[in-house]
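Next up: some structures, all given as structure tokens.
Here come two complexes built around chain A, the first alongside chain B, the second alongside chain C.
Coming up: the complex of A and B.
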């Protein structure tokens, strides 16, 4: 039977809390009592201590700056090129039918495959991560811009024209408000996958950055510190995603 | 001449390839960029490189195994969570939270736990692939109209019969959507792990070709992998279109 109303929600929350607590308790018991190799599972207390030490000492700042800098550059490139390309394609039905399938087809390829090429072309430094993040972020932004501008209700445009709207007015008051919500969704998706691919490419081949730091700690077998960094990066990603989602929601309902 | 959209599409691709060819032949250092004609001609050479065909075969089987496991695990968890309203309300937030975390941060852990062989790549692929299957299966189960369930039950259908004749047929379209998204995730996870491990498999050869400044073979190897990804994507996409078509609301 479906538990009704508040009671059911409370029970759900209780199950969720119990699940998380059970996981942490199992982790603790596994690390301390059952003798799981600390190289595979470090003591959660040690992880917490290291996490705190990382936050206090501020040693994360250099790596964070590298990763965020790459992300900002990649997203700026992806957003500007993606909106321009998408807008140009969206201006005629012919171009939409010609190029939208092309974008969609490339978008379906796992672009992370090109990382070795980018490393060869741009080196191990930030440039290859920026290029990869920009490439991966470009496609959802371009596709959503095409979808936003390309499928605006014809009635709206005809009405605006017949009331004497100039090109600028048509763009500002008819096209843009219709396209913006879809574009913002595309931008959020582009941002999220650019972040993922930048951390991923730092993990695979790089000289600095948060992904690089995790790999370094893994290779040095500093497991507690590595877990602490993983928690840190997951938290950073969650904060960034929440921030972008909030911006998206604000842009849609100003 | 440009009456058909695909003509323009092909024309743009050809122009881009020509630009690439000219740039690679006359403008860019051949240590970094190779013209597409030479890449195409040297594809047999890539396959003759010792160990490359084996690495490609291993990668393909990793993709296949990871995809099957993702679908099976995703379907099992999706049904277990989706069929019970209480379980759905309790566990879906946790599943969505895990789905949203960047799993690439724990890639080194997968290698530590499962080694540098196929097991770690399969596990990492599954960790990317089964979440979308779970989410779409839950959504598919949820979308079955309550009136169908009630009428089936009132006509005396057993639990299994409700599952077999009402719920399964209704979740087929979203199940295939989930399989397509799962394939995207599996490709990403397996290829990430393959590239990360630089001492064996595909990652060894991409690192080798990069360090030897051999763009021809690097481009060739990556083109073969991209072709593999495109074919796998296309199979599940066709299946999605095929099985989504009959469903009318």
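Coming up: the complex of A and C.
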């Protein structure tokens, strides 16, 4: 570890905290002193009040359940199809040459553009969000699986084979440990962009979910409550990300 | 040599990569025959691309020759023989996610050694290379020389009669290489292992080998075999002896000619 690593970490945490505090102060000043239209920028105190009310009443629970349910289903599909497809591609140099650039190219286009198509196919309900999230989450997971399994140092495999490793042992002790850290990074990325695309598509066309709720509040001009929900979603996303990052780190250093 | 004293018999082995006419077709090895005695340390030297590593891989059953046969301890080679043959590669052949101890243990798991026996064997082989205190280190925490010692310990723990070493000290600096060479000579005098050792270094070959097989330029074949008549373990003084210098110079002369040929052939010669 770098010398004074702890100090550096503390300092950067302080900068991050100061940034958030400054933002809230500016927000407060903007809403109370500088006369910004409350429809654009409600008073942070009112937002905090609404946030608290939302937490206490538990009114968020149905929307949260819908969004997290969509996310869980989408991620399960993306992770299983992505790892299987990635592994199959990684097993031959020919398939890597054919499919890796293809996956990378599709990964680079904004798949959310196809949301109208997904809604036509799967309806306004959770199914279209699950399908979209699974599609978007699939690519980083498949790509990282190809990268993980496809580029294992050959000398390791040769060495294992020379010592008599069976196909299973080769997979269990050489391929998998080499691929796992890279795959976990892909899974985290797949999870994060599935979450983003699900909430995003809920704000565009949906019947329920946190994104749906935020748009409804905006249309009803309940700005303080809308901001409170945005903070709520940001907090949920941050918690999920921290959780997934912790799982990733644990998987990398068993 | 009587049949029972031959550890490795290479008969008419030739190898080419790809098919003739193919753009990537390479004739790596020409008609090569060689008998290696039990307990002998033979060094293979030659210009880059002369097929000496290819021959090592063929002997170890990691590659099938296009032509010819190899017999190891009287058995025809058709694939890896983990009970008879262990490898030490140039570098990075230790699993980076396992400790030194786990790496050694895993080799024996692959080979099929019973659990009860593995710990004792691992300790013995670590002691033989002087790495007892680093059993719980990861390869990345060790120097290049220590990593190669660990790789050697892994190969020793397999207790094979034959050790194939593919430029095992090739990535190390001259000093470390010298020390490891001395250690290997000591180790060799204590065991009756047959060792085939591929190297670029004339000094290393002269210091370690009972015989040195000099390869011609690609497609390689054994051009000459030079015997080094000096008992193991070899002493550091051997390096400064007249005998050492004479043999080394002889090898230099043989090799120089072949390297010239390779460079003329590939046009790789640098313009001054």
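Going forward, the second predicted complex is superposed on the first by the 232 of 254 C-alpha atoms of A that agree within 3 Å, B and C clash if a C-alpha of one lies under 4 Å from a C-alpha of the other, contacts with A are read in each partner's own complex, and residues count from 1 in each chain.
Keep this in mind: contacts are C-beta pairs under 8 Å (C-beta built on N, C-alpha and C of every residue); 3 or more make two chains touch, one makes a residue touch a chain.
The shown structure was predicted, so the numbers you read here are calculated from the model rather than taken from an experiment.
By the touch criterion defined above, A:61 lies against neither chain B nor chain C after alignment on the C-alpha atoms of chain A. Counting residues of chain A touched by each partner, chain B versus chain C, the larger count belongs to B.
Of the two partner chains placed by superposition, only chain B is touched by A:200; chain C is not.
Judged by the touch definition given at the top, the superposed model places A:174 against chain C, while chain B stays out of reach.
Legend: residue contacts after superposition of the two complexes on their common chain; A:121 is shown touching chain B, with no touch to chain C. Once the two complexes are laid over each other on the shared chain, residue contacts for A:159 go to chain C alone; chain B is not touched. When both complexes are aligned on chain A by C-alpha atoms, no chain A residue touches chain B in the first and chain C in the second. Chain A makes touch with chain C in their complex at residues 153, 155-156, 158-166, 169, 173-174, 177-178. On the side of chain B, the complex with chain A involves touching residues 5-6, 8-9, 12-13, 32-33, 85-86, 89-91, 93-94, 100-102, 104-109, 111-113, 184, 187-188, 191-192, 195-196, 203, 206-207, 209-210, 213, 215, 218-219, 222, 225-226, 229-230, 233, 237. Here chain C touches chain A in the complex through residues 60-62, 80, 82-83, 85-87, 89-93, 95, 97-98, 106-107, 109-112, 158, going by the rule given at the top. Those residues of chain A that touch chain B in the complex are listed here as 2-3, 8-9, 11-12, 15-16, 19-20, 39-40, 94-95, 97-99, 101-102, 105, 108-110, 112-117, 119-121, 195-196, 199-200, 203-205, 211, 214-215, 218-219, 226, 230, 233-234, 237-238, 241.
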